[in-house]
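Notes for the one structure printed next.
Per-chain numbering from 1; labels A, B, C, D, E and F assigned in written order.
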Amino acid sequence: MSSHGYETGRLNLPFVGIATFGKYPYQPDWDKIEADVAVLGAPFDFGTQFRAGARFGPRSIREASTLFSFGHGGAYDHEDDITYLPAETTRIVDLGDADIVHTDTAQSHANIEFGVRKILKAGAIPVVLGGDHSVNIPCINAFSEDEPVHLVQIDAHLDFVDERHGVRSGHGNPMRRAAEKDYVTGLTQIGIRNVSSTAREGYEAARSMGSDILSVRQFRKLGVEAVLDRIPAGKRYYVTIDIDGFDPSIAPGTGTPSHGGFTYYEGLELLDGLTKRGSVVGVDLVEVAPDYDHAGCTTTLAAQLLLNFIGRILHHRT
Amino acid sequence: MSSHGYETGRLNLPFVGIATFGKYPYQPDWDKIEADVAVLGAPFDFGTQFRAGARFGPRSIREASTLFSFGHGGAYDHEDDITYLPAETTRIVDLGDADIVHTDTAQSHANIEFGVRKILKAGAIPVVLGGDHSVNIPCINAFSEDEPVHLVQIDAHLDFVDERHGVRSGHGNPMRRAAEKDYVTGLTQIGIRNVSSTAREGYEAARSMGSDILSVRQFRKLGVEAVLDRIPAGKRYYVTIDIDGFDPSIAPGTGTPSHGGFTYYEGLELLDGLTKRGSVVGVDLVEVAPDYDHAGCTTTLAAQLLLNFIGRILHHRT
Amino acid sequence: MSSHGYETGRLNLPFVGIATFGKYPYQPDWDKIEADVAVLGAPFDFGTQFRAGARFGPRSIREASTLFSFGHGGAYDHEDDITYLPAETTRIVDLGDADIVHTDTAQSHANIEFGVRKILKAGAIPVVLGGDHSVNIPCINAFSEDEPVHLVQIDAHLDFVDERHGVRSGHGNPMRRAAEKDYVTGLTQIGIRNVSSTAREGYEAARSMGSDILSVRQFRKLGVEAVLDRIPAGKRYYVTIDIDGFDPSIAPGTGTPSHGGFTYYEGLELLDGLTKRGSVVGVDLVEVAPDYDHAGCTTTLAAQLLLNFIGRILHHRT
Amino acid sequence: MSSHGYETGRLNLPFVGIATFGKYPYQPDWDKIEADVAVLGAPFDFGTQFRAGARFGPRSIREASTLFSFGHGGAYDHEDDITYLPAETTRIVDLGDADIVHTDTAQSHANIEFGVRKILKAGAIPVVLGGDHSVNIPCINAFSEDEPVHLVQIDAHLDFVDERHGVRSGHGNPMRRAAEKDYVTGLTQIGIRNVSSTAREGYEAARSMGSDILSVRQFRKLGVEAVLDRIPAGKRYYVTIDIDGFDPSIAPGTGTPSHGGFTYYEGLELLDGLTKRGSVVGVDLVEVAPDYDHAGCTTTLAAQLLLNFIGRILHHRT
Amino acid sequence: MSSHGYETGRLNLPFVGIATFGKYPYQPDWDKIEADVAVLGAPFDFGTQFRAGARFGPRSIREASTLFSFGHGGAYDHEDDITYLPAETTRIVDLGDADIVHTDTAQSHANIEFGVRKILKAGAIPVVLGGDHSVNIPCINAFSEDEPVHLVQIDAHLDFVDERHGVRSGHGNPMRRAAEKDYVTGLTQIGIRNVSSTAREGYEAARSMGSDILSVRQFRKLGVEAVLDRIPAGKRYYVTIDIDGFDPSIAPGTGTPSHGGFTYYEGLELLDGLTKRGSVVGVDLVEVAPDYDHAGCTTTLAAQLLLNFIGRILHHRT
Amino acid sequence: MSSHGYETGRLNLPFVGIATFGKYPYQPDWDKIEADVAVLGAPFDFGTQFRAGARFGPRSIREASTLFSFGHGGAYDHEDDITYLPAETTRIVDLGDADIVHTDTAQSHANIEFGVRKILKAGAIPVVLGGDHSVNIPCINAFSEDEPVHLVQIDAHLDFVDERHGVRSGHGNPMRRAAEKDYVTGLTQIGIRNVSSTAREGYEAARSMGSDILSVRQFRKLGVEAVLDRIPAGKRYYVTIDIDGFDPSIAPGTGTPSHGGFTYYEGLELLDGLTKRGSVVGVDLVEVAPDYDHAGCTTTLAAQLLLNFIGRILHHRT
């Protein structure tokens, strides 16, 4: 939507215009996706166990992302001396949101899966905006007919609960559901810390099912390079980012904050490294709850992180 | 919990102490309910169609209600010249909340119904704190073995949708579900206004199933006495109060606000009139979402209204 | 944008999807406006004299308007027994925003005028979302080649300052600028109250230039019918709504709040009456500043009012 | 402070400059008060029984009052056709605040009394900005050597508690303390409603000590003229305004909100009537707590009310 | 309160149920304390010198602590590979709050002391939730008949003012009051930084009375182990945590924030070290003011820190 | 304003009294500046490209600065063992604000320049409180008749845009405008990071015009001493601090936040080093937007930083 022009062109300040992701074009017809990256909202939050409100995550991230649309000539990073997302060659579309049906988790999840499958069929990389972390379940489901993936998670919580009171599709379950897939070849779970919904057995199960678990402090002791070395090289990576993997000081707008999380650059350097180590084939960013984000820090973080990540994915892929 | 005493007694200011409803005693053992009124929280909000957050309704109403606990000698109303809720004879307990299972509407509703049935079995009047308006469905279900009731609703929305996309238990459906019960003898729906989730057919269905529908402006033209006259006299009333029946100026903290609602005294005088016209046998107050209630107006309204209503129910019953 | 469909149709809850006005289609090509009503954002606020932030008015009103998009079958009003905005025949488009150039009032205003002229040329009714009240100046300018209009203003302030410290295009000047046009045949200024930026001379000038000024209390004493009678019948009306004409209790999110303003129904009934008394040919709604609207009351009011007004304009015109 | 001038004069918009009350001059030397009205802050809030924060009342009211300083030529009211507060003849000073000593109620109250006595000695009318309602106690004390006064209170609460747990100088006690003075000839207590900290005995005591008590609904039934008639004519009035006498919809920023309060014009018309009925010799406005006033409605109300009241006091006195 | 059970057990999500500390049982009868740890609220804030509101600290910390109650099987920490707070053996009770008397500092402090003495008499470890830092004074007083303690303080401010304007019991005085006790054998004051209420003489007095003072930067240069080594080993420690010792980025909700504070893990590692170095015999955590904590970061920090600290105290004691 | 005294002196707590900067005296007569440091507000924000609201920066920083006025004996820093800002010898005045004319950038900037010239003429060091970063343009203009200066900038953004859509005086242009001056001998731009409004050409232009650009990560790798070494020694420094140079976790209240910014001590140590390396002859601190600063972290940071910086400037100058 940034290509609008009348006689004299437009300055197109961030606060001007319809809020699509990064002000990229809106494509409501999911049979006409022609893009390298397709953004899909998944505004589902019935899977939360504490604060709700992640249903407004997609809308709020889109709004914050407009701040990062004002480099028309692309996003120049003086530290890397690279212009990411050059206007001429960047093909990103915003598909709007999957349809959500209140009271009905199964149908809502099915609708998300439907959208991700459309993106994959079109050959684009899906970038899904949650919603709570349970939306990762249909995202991973949608990869069932693709080549195997290695899952990289940034999160405060292990999310490896099998079942509790019958619940298997809440926001505490997605990594367990993913690990059960034969096309998920392994998991790297980073940022896991403190008391969590997952008990000791969950950690044991995760490790036995192929998971490498690192806390924030362990990540810091190792350094980002050593952490990247633990991730299998040259693979297809699906990256799931729970915003609560970051510190509450920069990500207060989330449902289950946990102190002691990552800084912005720790996250960015890990994501940057992944784009150079293999192929990122899918992304979701979840648990942004704008009702608890009065200054917009969290949505700004989500938008800043995703646009930098997408820029690097597109720049470093061959 | 207001009866605590050490050597010199306690002043027990509102900001002091555990926040139960009105600082009345907490009774976690639902087989030992000995009270005239039993308060139950129903922190369920997966039935919402716009903003979530009503899951924190019960906790926030309890907190606000502590402001109205500091008349130890009861609540003296100088206009009525009556002391409501006299400490000696008032038997109110707080049962805590029904258990909620994320992602699972049916089980959550069943747990609410379980609690209300316990209260009814104990001979107490249930006062249920929502949660979204769908929690009215299990509340009404719980009356299946009691004498028939007439349902009085204060609300901006008709909530009379039969089914849409398979949803029959969301917050747009409860009045339809109630009207289907043979032990619900009629409905009076007051405050209904503006565009709503209910289409013209819903209004026709409601009227054909025994509903009397009044907007805020119609209420004002008639006056409270004439409105009361339209409600069958001498009946058992179940009263469901959607806080969005009140004006957004005093009830901003709700999911689907609708301008043009009731003032406080319009609501109070209607409720006061009901206590004199028949027997109030059950109450729910729903859709309080404290994340949108930065100054506490909405929770204060809910607490002030409920304590005044309960006081009048207990005073006027014979 | 509400017409999206995949295999099973969409429930399209308000929190789902890209936020255009009322979820109506986005038309970025202003040479292809095919609609009865065209919505244009004018996110300009350098004309404010106290709090800024009205630049986020258009975006926030769009977001709030999604709440009122969920009657797919149109907006049924049970008091009027009319279904406004029936899906089949309603042609509304959202044009996005006029381009704003920071530090440059003249260019920003010119861009707004450019957009309104495009709408008028297409034969649609412009509905402009401010921005501060100075955006009314380019809106009125754009009518220079149309038939004359009578201007109806809802506002707390007279906005009739001629010039002060060289400022002629700030938010205190628009009504003076309008009155100077020969195609503005008269003004009705309603809601004016309290201390204002306009001194006694301004009131005298306004009256001498054809203005009828009424305070909120004068409006109430007269009643809405008598007020309507003072507006010339059968004319073309341009309606400018400063949200601060409404009471701060329902419109806190504005730059210069003034206590003692209108209720929702006072405003609605006046607007409803206008649609029956003549032709509404242009509308702007200004001064919504969402940074001061923590619960969304003000944006909800703006959206609810506009959708009801547009529905009535389209229903009652012949 | 509004008289500042450099070469070209100043526009002096409300957001510009040091925030004194109404941008009137700051006079830190209390032995040099030369004014008709002297404003004194009393930022004391240890007397509150629920929410604190009224200590920031004076500072926040000053800040809001800058909005009403931009009519340099005075405040023209088109309904009254009077220019209040004409710049040439208006002598108002801001004395800053009385010194407050944390943990020490007696000393803090003494410092407030000291300031009010200085004002009275200078022949000015004291306008005291609270702080909680207990600051009325030292204000009234300061009148001990003046002619008798009749006390008019706008409030939700009777504040007539004699003593509880040893407390005699909290915000529930001031009217009792005032009634005990021989130079307080009577009280008119208006707006009193709902459950209060005062029990039935308090009401009886108040009436027996010369108080006339009216609720909001009683006020409305009588009308403002009849209410004014109940106040002894031609007397010296001390007016104490608890902001919670007004409705929470316009005054959410207060410690103990009570629904069902006054509108702005009800308050203004009562105050306006007082200025014509006798001499207002002292004013306090208390219980503004800006931490609960996110949109500034309450501070705006306080400032708007006080400036209008002061303008009328000065205009109507002979 | 987490042991509630009906037929099928409860999931007991954090947002469900009465908010006691960690959802541990409420014990209103202070003569029946049977626990290892007893939590007492001290909602007193008349000792503050800037922002008030710490009176709501206990209630808000309890509410936040419910997030950390959902590991029914205890709190498994994968970094330590320890399950803290195992459900079977953990005996924690919540006593509610000490009674507070507005305007009366001495009586309020006496009531806090009364409660702590009850806890000590019962052989439990007191964990006191402030309230402002002055509540440490009665807490330390209550240890007068116990074995001597070494006081460890985490704070931005030295709080070592002797007397100013007669104030000896405000929130700037507690460490001075403690140092005067013969049963306080020494102080370690950590985190002290920047401009403070304490002048140079205060620092000299503190050092001469046995205090070891470290700033955040000094702490960082030394490292946590070296800091622990400066604290006498094998002693009984009383730990007082002023939340403003932590950085405003994670603890904005406090009265006198000071930039440059501790991160979460710096605090946790210090506390963890203490539990291994000696016996922690008392704890208070003060100055949480939820009115400034819009996202709940501060209350979450307080709850997360306390539950981790208590878990380690109970795990490491012999 | 802190020197007020009545019979017994004043405690002068931070929440008491008129909010001038640091409670230093207000000097409205700009021809009578007798001070070492003169504080001037520049509440201009029409130059912003995203969120507005910096017009309230001066007022909000003044308010926050009162927290740091309560060391009457000066500001003792125990790490440096220095008492900064000793009461006896510190001469700081607050001049209030430059006059701002809405809609008129050129006149508003001229008024700021006028004020800074007055300060320079009086021989004082100007400390200007923004307002957006465009206010730096008139500040630098005012130095045209002084000795040359080296400009040190702390910022997330390069602000080196030459012209775009005719805009040359917005908040993206000031460093370009400064670099064009012959009396600006060089620039050191620190903290620059991420996507910015400045494209690659801007960086090249900056370097070619004498700028040294360092990101936060580059600053950290070098260390503060090495960074200081890159700044020419013994020069006159003008320091411009954009609050968004700091991390959003401590400075959320700003218009265009950028994650990954400085901590408090990184900023302070750089500023401290400058005061020892040469002469600081002018300072501005810009882009504080209190509407996004709900807990006051940002204004506290601004005030804490400025008072510490001023203290060091005055202490270390010879």
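Everything below uses one rule, namely that contacts are C-beta pairs under 8 Å (C-beta built on N, C-alpha and C of every residue); 3 or more make two chains touch, one makes a residue touch a chain.
Just so it is clear, the structure is predicted and the values come from calculations on it, not from any experiment.
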Relative to chain E, largest Cα-centroid distance belongs to chain C
So, what's the distance in Å between the C-alpha centres of chain E and chain A? 37
Would you mind pulling out the distance in Å between where the CA atoms of chain A average out and where those of chain C do? 38
Please work out the Cα centroid separation of chain B and chain F, and write it as a whole number of Å. 54
Would you give the residues of chain B that are in contact with at least 2 other chains, written as numbers and ranges? 11, 13, 15, 49, 51, 55-56, 101-102, 165, 167, 247, 249-250, 292, 294
Taking touching chains as linked, do they make an open path (line), a single closed cycle (ring), a hub with spokes (star), an all-linked set (complete), or other? other
The chain pairs that touch are A-B, A-C, A-E, A-F, B-C, B-D, B-E, C-D, C-F, D-E, D-F, E-F
Residues of chain C that touch chain D when the two form their complex: 49-51, 158, 164-165, 167, 192-200, 203, 213, 215, 217-218, 247-250, 252-253, 256-260, 292-294
Interface residues, chain A side, partner chain C - complex: 1, 4, 6-7, 10-13, 15-20, 26, 28, 30, 41, 43, 55-56, 59, 62-63, 94, 96-102, 114
List the residues on chain C that touch chain F in their complex, please. 45-49, 51-53, 55-56, 101-105, 107, 134, 165-167, 169-171, 291-292
What residues on chain B touch chain D, complex-wise? 9, 11, 13-15, 67-68, 70-71, 73-79, 83-84, 247, 249-250, 263-265, 268, 294-297, 300-301, 304-305, 307-308
